[in-house]
Amino acid sequence: MTSSFAIVGAALLFAMGLAVVRAVAGPTLFDRILAANSFGTKTVLLLAILGFLVGRPDFLDLALVYALINFVGVIAALKLIKFGRFSDPKPPVGT
Amino acid sequence: MIGIGLLLFLLLTATGILLVRNLFAVVILSGIYSLLMAGTFTILDAVDVAFTEAAVGAGISTVLLLAALGVVGQEDRGRNRRALIPIAVVVLAGVMLIYAVPEMPPFGSPEAPIHVHVAPQYIEETPSVIGIPNVVTAVLADYRGFDTLGEVTVIFTAGIGVLLLFAGRRRKYK
Amino acid sequence: MFALDIMSWILLGIGTLFLLIGAVGLIRLPDFFSRIHAAGLIDTLGAGLILAGLMIEAGWSLNLAKLVLILLFLLFTSPTSSHALAHAALVHGLKPWRHPKDSRQAQINTDGDEASNH
Amino acid sequence: MIFSNLAALQVVVPLIGAPLCTLFGRGILAWALSTAVTWFAFAVSISLLMQVLCCGTINYVMGGWLAPWGIEYRVDHLSALVLLLITGVASAVMPFAYQSVAREIPREKHRLFYTAYLLTFTGLLGMVITGDAFNAFVFMEISSLSAYVLIALGKNRRALYASFQYLVLGTIGATFFVIGVGLLYMITGTLNMVDLSERLSGQHDSRVFLAAVGFLVVGLSLKLALFPLHLWLPNSYAYAPSVVTVLLAATGTKVAVYLLLRFIFTVLQVNQQPDLLPVVDLLFPLALIGMFAGSIVAIYQTDVKRLLAYSSIAQMGYILLGISMASERGLIGAIVHVFNHGVMKAGLFVAVGAIAVHAGGTSIQNLAGLGRRMPFTMAAFTICALSLIGIPGTVGFVSKWYLVLAALEAGTTRGFIAAIAVVSASLLAIIYVWRVVEVAYFANPSDGEASVAEASWQTQFSLWIFSSSCVAFGLSTGLTAGVARLAAQTLLGIAP
Amino acid sequence: MSEHLILRVVIKFLIPFIFLFALYVQAHGDYGPGGGFQAGIIFSVGFILYGMIFGLQRLRRVVPPHLILALMAFGLLLYTGVGFATILLGGTFLDYGYLSHDTVHGHHYGIFLIELGVGITVASVMIAIYQTFTARAEETTDENVGTG
Amino acid sequence: MSVLGNFNYVIAITLSMIGLYVLIERGNLIKKLVGLNVFQSSVFLLYISMGKIDGGTPPIHYEGIAPFSNPLPHVLILTAIVVGVATLSVGLALVIRIRDAYGTIEEDEIQALDAESGGTE
Amino acid sequence: MINSNWGGAALLRHSISLFFILGGTWLLLSGHMEALPLILGAIACTFVVYLTRRMDIIDGESHPIHMGFRLPSYWAWLAWEICKANFDVACRILDPRLPIEPRLFELELHQSSDLEKVIYANSITLTPGTVTTNLDEEHIQIHALSVEAEREIRSGKMAAKVAALETSE
């Protein structure tokens, strides 16, 4: 079983490499953010795999945190792009 | 093996940070850099550190950097300093460290001084004396609790500092 | 037990396959909007199948619950961020690439965006 | 109970004072609380010094964990003396702070300002008292971070940029320090300074060790503004609010010197390792260049604050000169000068702060005729300035005396060069001090500003504490030189 | 504003779980990875998400700046307070063993309390910094400084 | 021991030098801060690499798992990460204020403005 | 406290349901059944419910308890759709000719509540080959990778499934 985890890990690593290439290459900002987002997803998977690979599945907490943090980062980046700055001029209409 | 891959990606990302001009892209790359760093920490068994690095480096730092970019704009006009002195400094420091590498205790060796002197006692003692399984928490909060007090004070200082820098009306400078 | 392992292998294998295809798509596809679809591939089946494979491996334990939580979390957040990303790109003025044969419009150069982002 | 925990209280009481100040420091309370805290800390440091003098080094284990496992506080003669300097300056400056802060800082910021002030104070104390290398880094960052913020509060916008430069260079320094500590940890497995020194013996030719020494020395030199690494200092001192300048100029760099001494002598035991002497030898030319470059640049300054800042760089040269001799006399000179320079710079900057308020600026023209308009302030300023030169009867003379003695005692060519350098740099000091004093006493004030009032009694109080101690410690050297001798002997490992 | 619809609904759903997860990390630092610092960060991330979607005004109504400032100081005081308590009980600073008759329990209480202090301070500092930065961003746009 | 055997250290050193270079050489203040981040976190990598032990697992006690990696570097780096984020936030606050006061965050322009407005140096 | 236009009873119902959902999640995360973690869990859940009420984000939108068991069956259907779409997109990416014809198009929305719109939009995004790019009161704008993907959406199968989620209550 361990070897199959290792293979998945290697594949993930390869995919992460492609994402990094996309992030460095761009060309638009959105490509970079997309790459970062997809990179984050792969990191979450990599961590989950690693937990099983090392035999310490309590790494899953980490994976959960990564998923969360990744989301926040993307939202923050979009917020900045959309408004060209970082905040709402007025609060949106309530629910 | 996964570790080596991550390290190479780290190099790639750091080079990207060095070369890319657009500040926004730099911030995104630094977020990725932190995630990679956190992954590397996990492989090196530092779970708690990876946790923190992910939350701080990829999360809070990125948000704060982006928030700052929202105010200051995102152009790097690219006029750098004359490169001679920085290169000299960096090469000097780098050579000094690389020079030391061959005599460093081999990576992962259980006989390295740090694995035989202070740390074993932490690992042995913690379950019986402090009664919790996570040795890192035990050392952090108990054995070296005073360091952590300092750490909280640093964060407190940062908070006070930021509030102090922005408190009150904006001042007009001459 | 052995059957479960086989199941898990298969799931992991297919998941990895989709993951790789998605990653290749991320590089290969011509513009930002089509790349989103490739990323979607990774987020849904890639992540889903790999996590499912791990779930089988975890058996009835706390880890299973955590894996389910991770999967749910991914399934909630990833479309949201994809959508937000695509929307922001459109609002920002990024034009989707069209197939040359498919349209009479002039092809829009996707590379020209860097300068206008501020 | 209190008595056995003095070492902890020294740091912890200011540390508690800071958040209390945030919570309750409305109006005058912030100032009152800070005053109470600093004075209490001063009292504690006096009793710590007495304890050290009577019964030797104090070891205090935090959390009840013995030394290499837990964090240990260690007070010996050197740290007790530096603690006394820090708490003394911080508490004596409080009366001056009351008015100065009210003038320079907007009201709504007072509470946070005093909080940050107390945090700087805590950080400085923590760096001195701790016996753990990494703990020193943590407290270094507390003091530096709050110092960056405090500097940025200056009225001129240049304060912001100065603070940013300080932040960049200071962080590089701190990170180098961490690299150095990490390398030492790598080959010993411990972070406790005493334990480090024991376990390092026999590894002195290891490359890792040499790299560690390099990084530690460079990092600390950045923090203490050794000559080519001083770039952050002049602007930071010149544009920071007066109170902040006083505290930082008198104690900030001194604490870095303390750490350098601690590492070179206690941890690395340079004096017992002949092959390590090049490290201190390297300090010698830098110290000489620093002395002269600082003094010469100071001569050309038109702003008194900047003039004093460059003079600080020069004085740092004296201190490093003493360290580079690595002899008992040389160390006494260096340690005494750490203390003395702290006291006189505090006095000078308090006076300049008062002048800035009452004469409308700190450029040399503003000082014209102040000798008559602000006689007390200028008198105190002159006393401190004279001791900067090293006139007999002032503290400056004492430290330079020891430095020259040490230089001559060495008997080498280098010793003679050092002795000549001390004397001739003092001559340069005469020039820049004279420029200020001449304008103050003999120039006619420019038209218009006829009525300049004398500084308030609170300011006078702070000012005269410093200037009178310049004379008092210059006449009776028992406390400073006596303790410094014991400290030097402990550092060199000679039984007193 | 349409983007807000999707973001709003999803984030409303997520925020309680983020908070819960933060508290879980806070409480289980003894058993697995995590502790006060990480918990504080995650907790503040919940508030930051809220602030990003619903605007600074609403965030300020939920956690007013003066409350944040007080909490910042309170966390640090809690930590030092534990240290003082151990001194008063006869130990040295931060010697948790004195907090209870049973030393091991004492260490437990001590670690729990100081981690709580760390968490409170970290979370409130991060929220404070976020609030300050975004408030400045709003001001800058109001004045229309532009991008130059 | 060959240099390659300590691959981690070499990478950590290279990374820290890249960070240091960005920090010193780039003129843009934000970029400087990002460089600072890279510089610091690569030092963290150096520390964590020391703590790794062959065949070790994370230092959390779990039934029947023997060698643990060294927890002490982890603790130190946790503290250092906190210090890093604190420095970053104060630095960013300063950058924003500098932008307010000078209208630019390019180092050479700030220096030019300072020189223009008179004063020494 | 922020005013809410949600009635007291509904608010209470949602708060209680949130409390139990959170409690369940806590148990899943923690797995420690001793007294202390459980008490802490109860405190944590109460605190989170308090905070969410203070933030005014408890309502039917965020905790669709009224959809009950119809949601899981929808998810199962969606999962199958996603598999099919994945296969299609994967083939297109791997095909050396890269047979994609990206297109943007708009549709009218028939869903009544915001929640349904969001579920619909997110389902579209979740299905590879289609991404929602805009959503307002009446319209939804979609970017599709191919003609087939567009046709699939236009067939309205998914819209009907989503609409069925909230009916019959």
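The letters A, B, C, D, E, F and G name the chains in turn, as written, and every chain counts its residues from 1.
Throughout what follows, contacts are C-beta pairs under 8 Å (C-beta built on N, C-alpha and C of every residue); 3 or more make two chains touch, one makes a residue touch a chain.
Quantities reported herein were computed from a predicted structural model and do not represent experimental measurements.
Traced through touching neighbours, the fewest hops from chain F to chain G number 2.
Graph distance from chain D to chain F, where chains that touch are one step apart, equals 1. The leading chain pair by number of C-beta pairs in contact is B-F.
Of all chains, the one whose CA centroid is most distant from that of chain G is D.
Chain centres here are Cα averages; for chain A and chain C they lie 11 Å apart. Separation between the centroids of chain B and chain F, computed from CA atoms only, is 5 Å.
Inter-chain spacing, taken between the CA centroids of chain B and chain C, is 29 Å.
Each chain gets a centre from the mean of its Cα atoms; for chain E and chain F, those two points are 24 Å apart. Multi-chain contact residues of chain F, defined as those touching 2 or more other chains: 16, 20, 50, 57-58, 60, 62, 72-73, 76, 78-79, 82-83, 86-87, 89-90, 92-97, 100-101. Shared interface positions of chain C, i.e. residues touching 2 or more other chains, are given as 22, 24, 36, 43, 66, 69, 73, 76-78, 80, 82-84, 87-88, 114, 117-118.
Residue positions of chain A touching 2 or more other chains, listed in rising order: 26, 29, 33, 35, 58-59, 61-62, 64-65, 68-72, 75-76, 79, 81-82, 84-87, 95.
Those residues of chain F that touch chain E in the complex are listed here as 58, 60, 78, 82, 89, 92-93, 96, 100, 103. Chain E contributes residues 31-33, 37, 129, 132-133, 136, 140, 148 to its touches with chain F in the complex. Within the complex, the chain E residues that touch chain A are 1, 3-4, 7-8, 14, 18, 21, 25, 32-34, 38, 42, 45, 48-49, 52-58, 133-135, 137-138, 140-141, 147. Interface residues of chain A facing chain B in the complex, by the touch rule stated above, are 6, 9-10, 13, 16-17, 20, 23-24, 26, 29, 32-33, 35-36, 39-40, 43, 46-47, 50, 59, 61-62, 65-66, 69-70, 72-73, 76-77, 79-81, 83-87. Note for the complex: chain E touches chain D at residues 69-70, 72-74, 76-77, 80, 83-84, 87-88, 90-97.
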